[in-house]
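To start, the structure under review is shown below, and the notes come after it.
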């Protein structure tokens, strides 16, 4: 993988206004210092001994934090906040942090919540604007969801959105959402540039799947794992209490298995984890069903986690065989449930299969403290960035430091569980599942797969 | 701060035995690879543009993980596990992970739990040894505490301990404990070297205060914050529901304020946080009591967190004035509670002060999922290190990678909240407390403190 | 409703052995007294002024508790415990209490767990017996499920079961299960009588639906509501955060709406509750869909709870129209979800419907403290009853007193939510749903339904 | 105990206004019926066979619920709500239920919250009135405490309070508080009668100790036990993990041991429970310390619960010996902690004693679902009672029915754990503590105490 990314952050212009926040310029006075644009954090920490690379802009991220000079005069600021896409724990914490940082740190008094994602900008929906202040957001971190409402889509109507931003007279927009949302935000910001407007667009990346690239982790992820573990615990108890009990839990993860792997590691009670990044067969002597049968024979119960994006190939293939039509809504959990039931029915073997899909419960949950802290700090950093006139930028945590990530670079890639890395290795060690459950002789030969171990 | 640490890890000898774990040597085969001693992780990620430093051993940590060749023959191994010092969430998770990794990954069958810390080695106590296997540890992560028992002290009796290790015929010792414990482990390992024995001593750093140096965070810390937030929520409710209600919560942190700061950030309901790293006055026009009074006048209620190590100077001074005697047990929570009550009594102002000390409840709590995952992976890495013959080494997480930390270097420093860093800055932004609550004219002048803001 | 039930409890024979439990026969000595067979508790507490009814056996239940003389000699006792039917929070608590009371209070040393319900008695399954003692059950209340395993069915094979009981030499059988299980237990006990054996059969009624008759409530019910409320909270958050968001939660309750009604009362966030006891229409001007549409127009979001046994008539009718075949597994949640979606699709109105079925998570949950206490006391009372030679009897809580309920009477009826009682009245007050959502002109006329209020 | 209580409820006058709630007068129409003043619930359910008592007013309580005719015209009503005394889980649930029932069921639009208990009526404090409506109370059940604030005292200033009630033009007052509060409410209501005013005073009994007489249980009690169990779990883990570890937990209960006993039953991990109702010695061969020592010798760890009102005699005696002065604040937890430490110090035996006082955390907790339901229904019943013109009355749950309790009768007694009843018997069975830990030869002889069993 190349490290050649342009990590330069775009500024709206020269910063001439003194920050209203009283910080220090010197060390040793027990007072926090302003952060300068010359403080950087490395992207990669893995190295080779003896290398002597020159530190270049393309390897390092700008540190986030309050600047001594800012771009916007606080009493001229009208800031908008929009939340897009599916629910994720911590949305309200981020909204709260942004509102409070704008209000208390910078003295901004005009803050508007955009309702139901980008659709809230579109006149055709007729949604009103929700004025925000510290009183309104005081307790919102105690509930899940988003007080602004959210929706998918709408981000393609760039012209209408920028028209609306102009009508509202916003000069800062905070966009909280996934990579689709951030691509939309970039389009909006580019249209803003085209029109010669001075409006900062700052994103906070949101993905409950934790597959946003470059950053250490995304907010809400730890909370999601807490809730997913509860579902697995239930599945385990059901499996453990029934004749040949099988607990099957579908977890989020369209293109990545982070939630699935972390949940298996945390729960200590999972026997098979199926994620999009690792190929596996259902049928055949080295397929899931054969291994599941062996497990039942030995231990009488089993727990399986399947990430929602796993097995898309098989699903597509099977769906083609079975029927024509729209494959978008093929549900891997239901598919796998029926496959397992059919397999053991055919063998005349009694099983008791309980299928649990906790997705909505997970997404709608309030943030756990570790996420609350993260959201609070993301919100602060986003406000500092916006007030300094940074734009087309996301806030991220990299090697435990908050940094500015150019949106363009951030949305160019997606993070995946590395099948050969330590996370997946530790997951396999926790589940004792076979390293690879594939039959293809060709593949096996090519890869030199040793006989799978099972316990 | 200098980066000149010798991060070289000591090996017991040449590794000649092939690992029983089936991993891969090649990339692209969907099978995890062995980790070599030549894979490194940088210690620092902050950099200056244009620098061109040579990557030297003193800047980088060896990556943890399974080696292709190992030092010990699994069926010759007798491993011991000892937990020392105060309780910390996750101890049982670590024990469980070590036992399971030894047993299932390497086939080790002799694993002994040492009871009640280093005292378990001392004949004078007469504690028996607790044999460990996967069945015994299967569900222990669901309860708090440590199934081995723990105790403070005992680590100075190095000769007796190594005698006991020889008697037991241990060739691996896992020591789970704080920096006192790890200093003891280093002394033990040095005595082992002096005797010419081949015994690996591998530590897992434990500090609920999160002030172990070099590492990203210590296990149990996130769980501690979850539980601390619950106590603060109760304090807030009490404060909010009474006439001039004050909730005072004492949290752990003898020399550092990490729990206090994170709890304030997570709870969103704290008005004053007092930590050891930041000086403050109780009395005087810019002291805590004056600011507390202003807060009550404005908002009618207040919540204060005090770290147990805060205000030690004042406590010592006051104790000297009040009485002679042992200061070791001076309790800052009680001290502050009485100070506050006396102040408002003297003013004839009714307050309702509720003091909460949740320390034991926090320490005895089972690990939250995020810590369970961390403990599982720490335990795996510790076993890989020991089987490879690494010794005098700790397992740590640095920039999100598990690494080997030489014990000698690790215990040479302690981590602190940087009063001028982003964590404390964000904490002040969350509490709105004055940047510095000190009166000393000299200090103020010297530091150029601006008038404190309060809201 | 007639009060004419024969509440007389059957005894195995004269009690001649002195209880090994040291209790008192006198009041005022601070020592608990034995309970005699002459202590009774009324079944009904509602009365009319001026009545003067004679207290007869058919109105009163025998109090449970330790008898001064017992029937079985503890060292001759071999007790069996079986758990049947679906999971319910508290099963392990009951098992634990029975084992401990037998062991510590009476000194019984032979206790056997029957695996997987009544099937565990049947040779065709070949399940082994699980010996039980206090060590084995010490921590089982901390996990959900049942350590004995459970299964439905098997209770009809009375001859084989009593053969097995004879082979095992059991003289006490504790049967934990629902009314099917208790009917089975009665058949078994009758067969025991027919064979002239002296074996006590004591049941602990289990129904997560809380529809066991005569008793105040069944164990696990309060825990089920706690967990159901969590699901509703998630549904509410999803509904609240989406354009025309609808949260639909299916809860347990095949023939009764207790969980549904209590959950609506506890959550304060439900707009429509549909239970088997109250008729309602889906279509039509006074049907659910019309009211749901009005709710969305006014408030933009809605939360619906449907008990699994609701709408069986409509389901059957619809299923007949749609297809032939087995109706037993028709799922009201899926049915309603599709009905709602189709209705608004037809109107071209965007809704965001999230369907949550938390049943397995609820059933597999460990007991909350209020249920733990109840289970502990049920178990104690069951052991006292069995040791005293009571048989064909259940343990119940009636007017806050533990009593002996003859199994025959107990299984003759089932409890229902009274549509005209205070529970349903308070539920309607909490949801503001229309009192009756039915269209049938005939019914309306007949019943004199006033125009429904909606808010 | 005599049953001769006058349970007649006082009415303000004839009810002439038709209720705005549409209920039914007939059975069988699926619509809830109004409740009449002629529906009664028995106070006692224990009976003797063959008795034939006439049902008299003094044995029965009037059922609570909506009356067909009411006393107050809703648009003339101005209702006040006051919360007094210490915090208790569920206060906000009760406030919420009252506000919503007044607003939605009866259409009352003037509802005022009195701040900080009875002090909110007294001009000397100058507290403002908090207007209440459904929006304000919508989410308050999710937080602990009381949004009205609370305070002890103030209830003796009856004249000033009734003056304030007149000034405010209140015609209904809801008083939520303990027996001190309800005695105050009775004095206020009597003064109202004396002045010839038509103001209904309706109380909701609040005692976290659960020692209110006549009623099944008080709101918040089940939640308190949940939270107390968490503290005991921590104490157990600490005790279990240390050399001779002792966990000592002080729980609420000034005059009764209900929380202590229920917590011991629920946690399954307690070895000694000390409550006010049962005498015990600390010293001496049959005292607590001797039994504690035996327990440590056998099992190495112990958990003790002490109710705050236990051992008051010894505390007073000891305090007199030790020092003169105010005994009111003598803290049994601290006292016992020091006693235990001194005892083992004197013996030279190492113990590790952890003392936990979770009282504020318990009191400030939000209500668990089972309490939320109870509070919701209490609030509804209180509003129905007040609108019907009932006064000097409390709402209670008796034999699972909501009833009207005359305040005068209710405050005349207090509930206690019966040392000879089934609750304490089951508690002893759960803890295995000696039936009586007393030395006094006289007492022992008199009571015929058998040798205590310990295990």
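Order of writing sets the chain letters: A, B, C and D. Residues in each chain are counted from 1.
Criterion: a residue touches a chain if its C-beta (ideal position, glycine included) is under 8 Å from a C-beta of that chain, and two chains touch if they have at least 3 such contacts.
Just so we're clear, the structure is a prediction, and the values are computed from it rather than from any experiment.
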{"item": "Contact-richer chain pair (by C-beta pairs counted) among C-D and A-D", "value": "C-D"}
{"item": "Farthest-lying chain, centroid of Cα atoms versus that of chain C", "value": "B"}
{"item": "Separation of chain C from chain D, taking each centre as the mean of its C-alpha atoms, in whole Å", "value": "28"}
{"item": "Where chain A and chain C are represented by their mean Cα positions, the distance between them in whole Å", "value": "41"}
{"item": "Gap in Å, rounded to a whole number, between the CA centres of chain D and chain A", "value": "47"}
{"item": "Shared interface positions of chain A, touching two or more other chains", "value": "143"}
{"item": "Category of the chain touch graph - line, ring, star, complete, other", "value": "complete"}
{"item": "Chain C contact footprint on chain B (complex, rising order)", "value": "139, 142-143"}
{"item": "Complex contacts: residues of chain C adjacent to chain A", "value": "87, 116, 119, 143-146, 149-151, 230-231, 233-238, 240-243, 354, 356-358, 360-361, 363-365"}
{"item": "Interface residues, chain A side, partner chain B - complex", "value": "22-24, 27, 29-33, 35, 38-42, 45-57, 60, 63, 65-66, 96, 101, 104-105, 141, 216, 222, 225-226, 229, 262-263, 265-268, 278-279, 368-370, 372-373, 376-377, 380, 398-402, 419-422, 424-426, 428-430, 432, 435-436, 447-450, 453, 455"}
